[in-house]
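So that you can tell them apart, the chains are marked A, B, C and D in the order they are listed, and the count of residues begins at 1 in each.
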Amino acid sequence: MKDEGKKQIWKDYQKDIADDHYYYVRSCIRQSFFPASEEFFLRLLKDDLGKDVFDDPNHTTCTGIGYHSDIVSFETIMTVVARHFSMMKESGYKNIIISCVTSFGIYTEIIETWKHFPEVLAKTRENLFKATGREFDIPENMAHASDIIYKFKDEIAQKAKYRLVNPITGKPLNIVEHIGCHYSKMFPKYGVGGAEFPEVLAGMIDAWGGKVIDYPERRHCCGFGFRQYLVQANRGYSIANSKKKFDSMEPYKPDLILANCPGCTMFMDKWQYTISEMEGKTYGENQQGIPVLTYEELAGLVMGYNPWDLGLQYHQIQSEPLLHKLGIEFSIEDKYKTRDGRQMPIPECPANINY
Amino acid sequence: MGKLYDLLLQDIRFEEGLNACMNCGVCTAICPAAEFYKYDPREIVDTIQTKDEEKTEALLKSETIWYCGQCMSCKTRCPRGNTPALVIMALRTLSQKLGYFTDSEKGRQQFAIKRTVGENILKYGYCVPTYAVDPKMHPEQGPIWEHIFNNIDDVMDRLGGNLKKKGSGALREIHQKNLDELDKIFEVTGGYKLYGEIENYSEKKAGEMGLEFKKEGIDNEYFRHVYTCNSDNHGK
Amino acid sequence: MSVFGFKINEARVIDYDKTDKRILNYLLENEPSFNLCIFCGSCTATCSAGNFTDFNIRKLKMFIRRGLVSEIATEAEKCMLCGKCFLVCPRGVNNRNIILKVRDALTKIENHEI
Amino acid sequence: MGKKVVVIGGGITGMEASVQLSALGYSVTVLEKESQLGGHLNDWTVLFPNLRKGNEIVSFLEHGLELQEVNVIYNSKISGIKKINKHYEIVLDNQKQIIADAILVATGFDLFDAHRKEEFGYGIYENVITSYDLEKIFAEKGEIKTPSGINPKRIGFIHCVGSRDEKVNNHYCSNVCCVTGVKQAMELKTLIPDAEIFNFYMDMRMFDTHFEELYLESQKKYGINFIRGRLSEANETIDKRIILKVEDTLTSRPLKMTVDLLVLLVGMEPSKGTKEIAKLLNLKMRESGFLKPEDDHTLSNVSNMPGVFFAGTCSGPMSIKYTFTDARAAVTKINCYLKEYELQHRILLN
């Protein structure tokens, strides 16, 4: 793998990312499965980087999961997204940050459709007005939340307490990244680094001292497939796709999977458990699984946030071995405590994963 | 020219997704569904571009159109700028409008999705909130998930969420005025119409299959059937 | 079916690195005209058995090339050996003999001779 | 001295046309941007379909130039062209001015830059090379090794790289890559008899005399394999081999295969020089960027500017044989124009 070749490609896909004054839209999956990631992200922007970001309580789901499982029509989702734009306008913002890759993909698809078919834009304006009396502007700048972290990766590196390096061996951690199909496969120009060798996560890993590992099935889908996971009968498809990725990355001995999309993060974490139950096969060193982190969690870790405030204990694959490798200090007693310090029950240990 | 083809053309995604196909196979080569199902997006696009009425109808009634996982990898690669996945979405939409989806095992599953994600959207304002992912329906989520589900208030609180409370924050309660606007959007844009079509055709199918059907919820035979039935005939 | 309610789907992809090329190699040795096929489908178009069943001799030849033994075994049975495919082939591929040799090879595989 | 013709570009087209124009009595000047004549032909070791050596053709052309004592200006860069009455004034970078009664544009093609097919990993994966790189390896005449230094046992050739592909904005077919793939596969098989070689194609476009025969021979004598499916992506394995993903469209199933060496058959694009000259002279171009003649059938070498003609691959992909033919055809048109034959005024009836 020649890095110069990738860097050459990255030059062609540097998108414009706004510097401040953001309107934030949350993700159904990220807030449900990784709520601390969203909270950390906002805290990082506001407290650590001093940015203005508005977390509007009035926006709803974009209906993306419904759209991609075909129970929500294109007309409906365009109007829901237009409503978000309308609320953004109302709040006086022009730069949007989207916390979910599925949503991000939908926003790009809608904006591109409006560009090519102005009559569809006009119809959406009409629909939104008819339904809510609202009007909207298209955002001046649109970023996925990881684009923002990418933009400030060097500031984060400067403030960092830890690097993605094993302090005992002095070696960088081997990190595989997973971008999530809808980030840029539809429209490469919307993704930092394009669709084939995206830079958005690789750039963070580089800046924080880790080593990016490119494995053959890096670009492959995690397997969510919307209806393919939502319906129990189809889940064999979802798990088969994740398994294909694990088998492909295994020889590279990754210390960590860094994921862009909340759905992918969840599936790649949970499917390792399910595969261990179904096939007795556990990936990762010492049958401990390969930790799967969101980019917010990784940023929080290097900045020295408490891993249990970041929510790492609520991943199926536990991260203590990773924390040890990074030389991160943590309190094991604090792991399953409530905010006010009460001890919570300890989750059950799976049969085939070593904790 | 087929009537069905004309109906498909009314879908903007169909117009966007289908130019002339040269049968090169880059879409199938990269397609996760082609790898794990008896599925070939190239053949679907090729069939559609014949505009043959009978073949199109057969597709709308088939298992095939439900195999795609909508990862959109085909869009990145097609040398003719086609997007088979968008063509598939148009086919699925039409299949539901015409009631053809209940002819196939995979198509019938739309009912289960409508009753879960579909209802969540309008009830909570989220597609998939934590409290709606019941470990009983999701054993694959594992013990940590069960733990979160059972201790959701404490977990959300510790992680900075704002579970079912007013104001902003993760998993906040979506204010009724916002749900009302969502409701209006569904009304104006045909969202409810589509839901209604899924419901009506499913109810009819449940009758034909002799399975119990209820107007609401997931506690009925037809739901359980479509949610779990796998004839295991979708692979090689 | 597991407690989870599903099985892990099997891959349908042809993994060329792993498939079994014994029949292919046997054919290349015993009916070298096999190599001349340009996959035009004339053979399938004229095929007597293909008129009544789903037999597709062009596809069978692809399966041989790719080393898909179980698919080959299923398909090779369907041929009626009428030989029209040989007559129409624009490249002179002896399709009929290919079938005979494939059947030989399948027997030899069973008897562990190749 | 006769009328003056300036030929822009000293590749096959420019060389052959100059020789013929000079033989007809015109005073010819060739403007060549490099320090040697012959263009891309210098980089091609062996030619299809008869496997003759590329440099034989270069010497044939050079011999012609010597016989006709054609004036060549090497390392020349054109900074401006002005039309003054019926002739053109060409200004070079060194301020030198050349007067021309007619101009022949013979600015040729550029090879498609394979980096642009990002998903094939050229420039990122060590063992992905282009057909052009392979010619250089052939020219070195040593043992064939992959860039990683191993003897390749399985090799893949990918057709249509940069051709017939909206993603890189090239809708056209480059004509010669199919036969190049067959030719190079046969050469490799000769050098490494135990290698397995696969050509991944969409259509085998063996359009010229003896091309189809070469295809047959590659199967019959060399056992070259052909798989109908376009490469979707290439990935590098831990030991730097390349995994290919295609659809085996004739079985309707995805197929993956690991190769030791991947050869991308790169197509032709209008050269940078072609685009520059077209701008200076206001020449019409096709959507593809190749020069557009006044009429596709009857005026194939005639540009929209009086006295400006073009020939060879600046007007579209073509093989060496057709390049020669096209150069000679352009000479006839130029002669006709300069002699003011009445033929010059033939018109097309609608």
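Assume a contact is a pair of C-beta atoms (placed from the backbone, for glycine too) under 8 Å apart; a residue touches a chain by one contact, two chains touch by 3 or more.
Everything numeric here is computed off the predicted structure, so don't read it as measured data.
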| item | value |
| --- | --- |
| Comparison of B-C and A-C by number of C-beta pairs in contact, larger one | A-C |
| Centroid distance [mean C-alpha coordinates] between chain C and chain B, Å | 38 |
| Chain A and chain C: spacing of chain centres that average the CA atoms, whole Å | 46 |
| Computed distance of Cα centres, chain B from chain A, in Å | 22 |
| Whole-Å gap separating chain A and chain D, where each centre is the average of the chain's CA atoms | 46 |
| Of all residues in chain A, the ones touching two or more other chains | 195-196, 219, 232-237, 239-240, 244, 274 |
| Overlap residues in chain D, where contacts from two or more other chains coincide | 119, 228, 233, 248, 253-255 |
| Shared interface positions of chain B, touching two or more other chains | 34-37, 76, 140, 228, 230 |
| Graph class of chain-chain contacts, one of line, ring, star, complete, other | complete |
| Residues on chain A engaged by chain B in the complex (per definition of touch) | 26, 28-29, 31-33, 35-36, 38-40, 55-61, 63-66, 68-76, 78-80, 83, 105, 113, 116-117, 120, 127-128, 130-132, 134, 181-182, 185-186, 188, 195-196, 219-221, 223-228, 230-237, 239-241, 244, 270-271, 273-274, 308-309, 311, 314-316, 337-339, 342, 344-345, 347-350 |
| Contact footprint of chain B on chain D as seen in their complex | 119, 160, 164-167, 202, 228-233, 245-249, 252-255 |
| Touch list for chain B against partner chain C, complex | 34-38, 139-140, 228, 230, 232, 235-236 |
| Chain A-facing residues of chain B, complex | 11-13, 16, 32-33, 35-37, 66, 68-73, 75-76, 83, 89, 92-93, 96, 105-106, 109-110, 112-114, 116-118, 121, 125-130, 133, 137, 140-148, 150-151, 154-161, 166-172, 174-175, 178-179, 181-182, 184-191, 194-195, 198, 226-230 |
| Chain C residues touching chain D - in the complex, by the definition given at the top | 12-17, 28, 35-36, 38-39, 58-59, 62-63, 65-66, 91 |
